[in-house]
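Pasting a structure below so you can have a look.
Chain IDs A, B, C, D, E and F follow the sequence of writing; residue 1 opens each chain.
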Amino acid sequence: MSDNSSRSARYFEELEVGESAAFENARTITGADIANFAGVSGDFHPIHMSSEFAREETQFDGRIAHGQLISDVTESIAADENRHAFSYGHDETRFVKPVYPGDTLSPRRELVEKEVYDEDYGRVVYEYETTNQDGEVVFVDRHTMLVKRRP
Amino acid sequence: MSDNSSRSARYFEELEVGESAAFENARTITGADIANFAGVSGDFHPIHMSSEFAREETQFDGRIAHGQLISDVTESIAADENRHAFSYGHDETRFVKPVYPGDTLSPRRELVEKEVYDEDYGRVVYEYETTNQDGEVVFVDRHTMLVKRRP
Amino acid sequence: MSDNSSRSARYFEELEVGESAAFENARTITGADIANFAGVSGDFHPIHMSSEFAREETQFDGRIAHGQLISDVTESIAADENRHAFSYGHDETRFVKPVYPGDTLSPRRELVEKEVYDEDYGRVVYEYETTNQDGEVVFVDRHTMLVKRRP
Amino acid sequence: MSDNSSRSARYFEELEVGESAAFENARTITGADIANFAGVSGDFHPIHMSSEFAREETQFDGRIAHGQLISDVTESIAADENRHAFSYGHDETRFVKPVYPGDTLSPRRELVEKEVYDEDYGRVVYEYETTNQDGEVVFVDRHTMLVKRRP
Amino acid sequence: MSDNSSRSARYFEELEVGESAAFENARTITGADIANFAGVSGDFHPIHMSSEFAREETQFDGRIAHGQLISDVTESIAADENRHAFSYGHDETRFVKPVYPGDTLSPRRELVEKEVYDEDYGRVVYEYETTNQDGEVVFVDRHTMLVKRRP
Amino acid sequence: MSDNSSRSARYFEELEVGESAAFENARTITGADIANFAGVSGDFHPIHMSSEFAREETQFDGRIAHGQLISDVTESIAADENRHAFSYGHDETRFVKPVYPGDTLSPRRELVEKEVYDEDYGRVVYEYETTNQDGEVVFVDRHTMLVKRRP
């Protein structure tokens, strides 16, 4: 017997508006994450890659994480790794405050919309909100996913 | 004398609605990119990481790239690496078609909105559209950036 | 309300001998995984890194994944990411059959031993067994973890 | 003439019980190593990835390296990269003490067992012991390898 | 209309001896960069990978970046990503001073030689000079590239 | 007793002009290596990263490895990881033929020059020559190192 099926393979019918999850102190963003994100994306903007540039030529206190890195990490943690779902799009993605190396992220999600999409899939919208170790919101997003309907 | 300053450090006043750029055959997405994106984000969903799962349990022809990987790569290529700009947010991000390992991306951008944000910054919106090697649109996005006003 | 706490934070008292989980077609091992494992560990043995060497000088059909990569991936998938547990050791780790780039792994776990360790922790042993896409066992291991007792 | 053949291609008959090697101050484990190990294995447990979690919810002084990372690095350094050998399994692997980012590892090996396995291979067992910069043992393991017999 | 063609696709005829570019505070070299370079190249020499070794057994103040990493980063920044050019070779590459984790690099280039190579290509030589945040030269190189002649 | 000291810690006095080593079929260059090199260096030139670009707009048969990747891998394999040596510079580095994903490299080195540098160090020059699986030379280089004199 497996506890896998019940956990990460939920059909559209099993999801409910209002259900939520919070992931406290889930991940500290480090300089290594910024280097690796630059390496995958190709984005070596000095606001992320140069301490001198960030301190001297921006309004920030030093180099900051790429906004999309925060988005990627939030989605990875907050989206249930539901085997019946895949990503459709994002809306109202906002990088509310800078994330510095050493900051620890606590993402939350809430299912806020749900409707039938076609014969095979339903569409659900999750709201994500990520706070740092001081309780400040650093990131918000609305993530739309398509989820298999029960056969 | 340097040709650097003129190229990648443009003030808000130098940007114009309607300006655009196209980057033909800029990057082929490979299995290595998918592995590295999973490693940075932590998203090991089998739709991206398991050939067997993707073929047998999804409507796709095999494992597909993470949508956010396409978003990250598009932004890295299409966003001018303007030293006077930083990312504010995204809207209407859509993963229009799946991207498979071996597909080659051609991103375009167009500056579609521009307005003063505050004393120091202007706000601009770029529309991104990424096509694959068959000319099919696989990704669209609206990217908002803040850009320094000329001192 | 959160479904997080109930899922990945289980005390010693909540775990039972005989409980099991199976993760079908969880991950395809690729050349990128082998490259990245070599990069982390420093193990560039040509049996993993050279197609020519592997074909000509070993009994295998080409280069094979590092055994420890299979061990690491199995543990990552099969070990519940229980916030109350940490790793103590491994026994009887065996690389039963070679894993080639392109093979897809299906790990299973079963909790086979459980006993009080000290005032604060219990000790549990999981048996792992990983099969490839042909149903052949490629890896077995006994993983001992310490798990917090309920306060 | 090459000094390669004599160094890293030794047949079973050339190995002797009791031979040993020590690798002083061979490698410092850093936050980048932990990030990269998480990225390869998929293990993002907050004991490794979240400073806040590790300090507040565990008995450790901050986030610790994955045990398997120490195992992988030890094997990479301590196992002679013998072109005639490949890995068979591990026993009695123990993570004796936590390894923190910044700790420097000194692995040792000793060949403790040797016997004919079949017509083509011999079986040898290495004992590994890894100490940190304070001389404390942090890791022990018994690594079994198969080594080609002289043709 | 695209501003791409004019920027990163210049024919041999468009390049001039004496043209130069400077990239101030372009990139901070970090421990993550050193780890990733070791992972790609396979070079885990303890002068780069072990703090204890570097402090105790070398004349340096701690571990230093691989010279080739500085070379790779300099070339990546200083070489115009000209779609009509590819790399032919390097000369007089010198690692003038050590680069430590945390140092920020400012590369410059100057085109110092230009001549027809054959019917299809011209040959150009760039001189690179990279300084650290204290204005000290840490790296020099002469990079020869072949560039397409205008059809 | 250790066989480490005798192997990878040789003083200047122990090195001889004419000594050489060959590393047959040491490493296959893969798409993952190219992705990871791009990620470290920041060099995403489409000749390396885009199959479509490389086939359609260059004289090559598809995307090719970065020259510096071949240089880095050659040095990592061919340079004895001598704990008493560090890198001084390179000369006459030439990318003689393109290296494609799937090509297997066999580097050789020969010590061709040796002279006292100062009171503490000697200077030695290695010639590197790397061939592919068809026996064609793809890379040559002269690598100068400083090596500690015997105390």
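We take it that contacts are C-beta pairs under 8 Å (C-beta built on N, C-alpha and C of every residue); 3 or more make two chains touch, one makes a residue touch a chain.
Owing to the predicted nature of the structure, the values given are computational and were not obtained by experimental measurement.
The equivalent interface to A-F, defined as the listed pair sharing over half of its contact pairs by residue number with it, is B-D out of E-F, D-E or B-D.
Judged by shared residue numbers over all numbers used at their interface, chain D and chain E contact each other through mostly different positions, with under half in common.
Mean C-alpha position of chain C lies 17 Å from that of chain D.
The centroid of the Cα atoms in chain C and the matching centroid in chain E are 41 Å apart. Spacing of chain C relative to chain F, judged by their CA centroids, is 35 angstrom.
Multi-chain contact residues of chain A (touching two or more other chains) are listed as 27, 30-33, 35-36, 39-40, 42, 44, 46, 53, 57. Only residues 24-28, 30-33, 35-36, 102, 104, 133 of chain E touch chain A when the two sit together in their complex.
Within the complex, the chain D residues that touch chain A are 30-32, 34-36, 39, 44, 46, 49-53, 56-57, 63. The touching residues of chain F, when paired with chain E in their complex, are 27, 33, 36-37, 39-47, 53, 57-59, 66-69, 71-73, 75-77, 79, 81, 83, 86-95, 120. On chain E, the positions that touch chain C within their shared complex are 36, 38-40, 42, 44.
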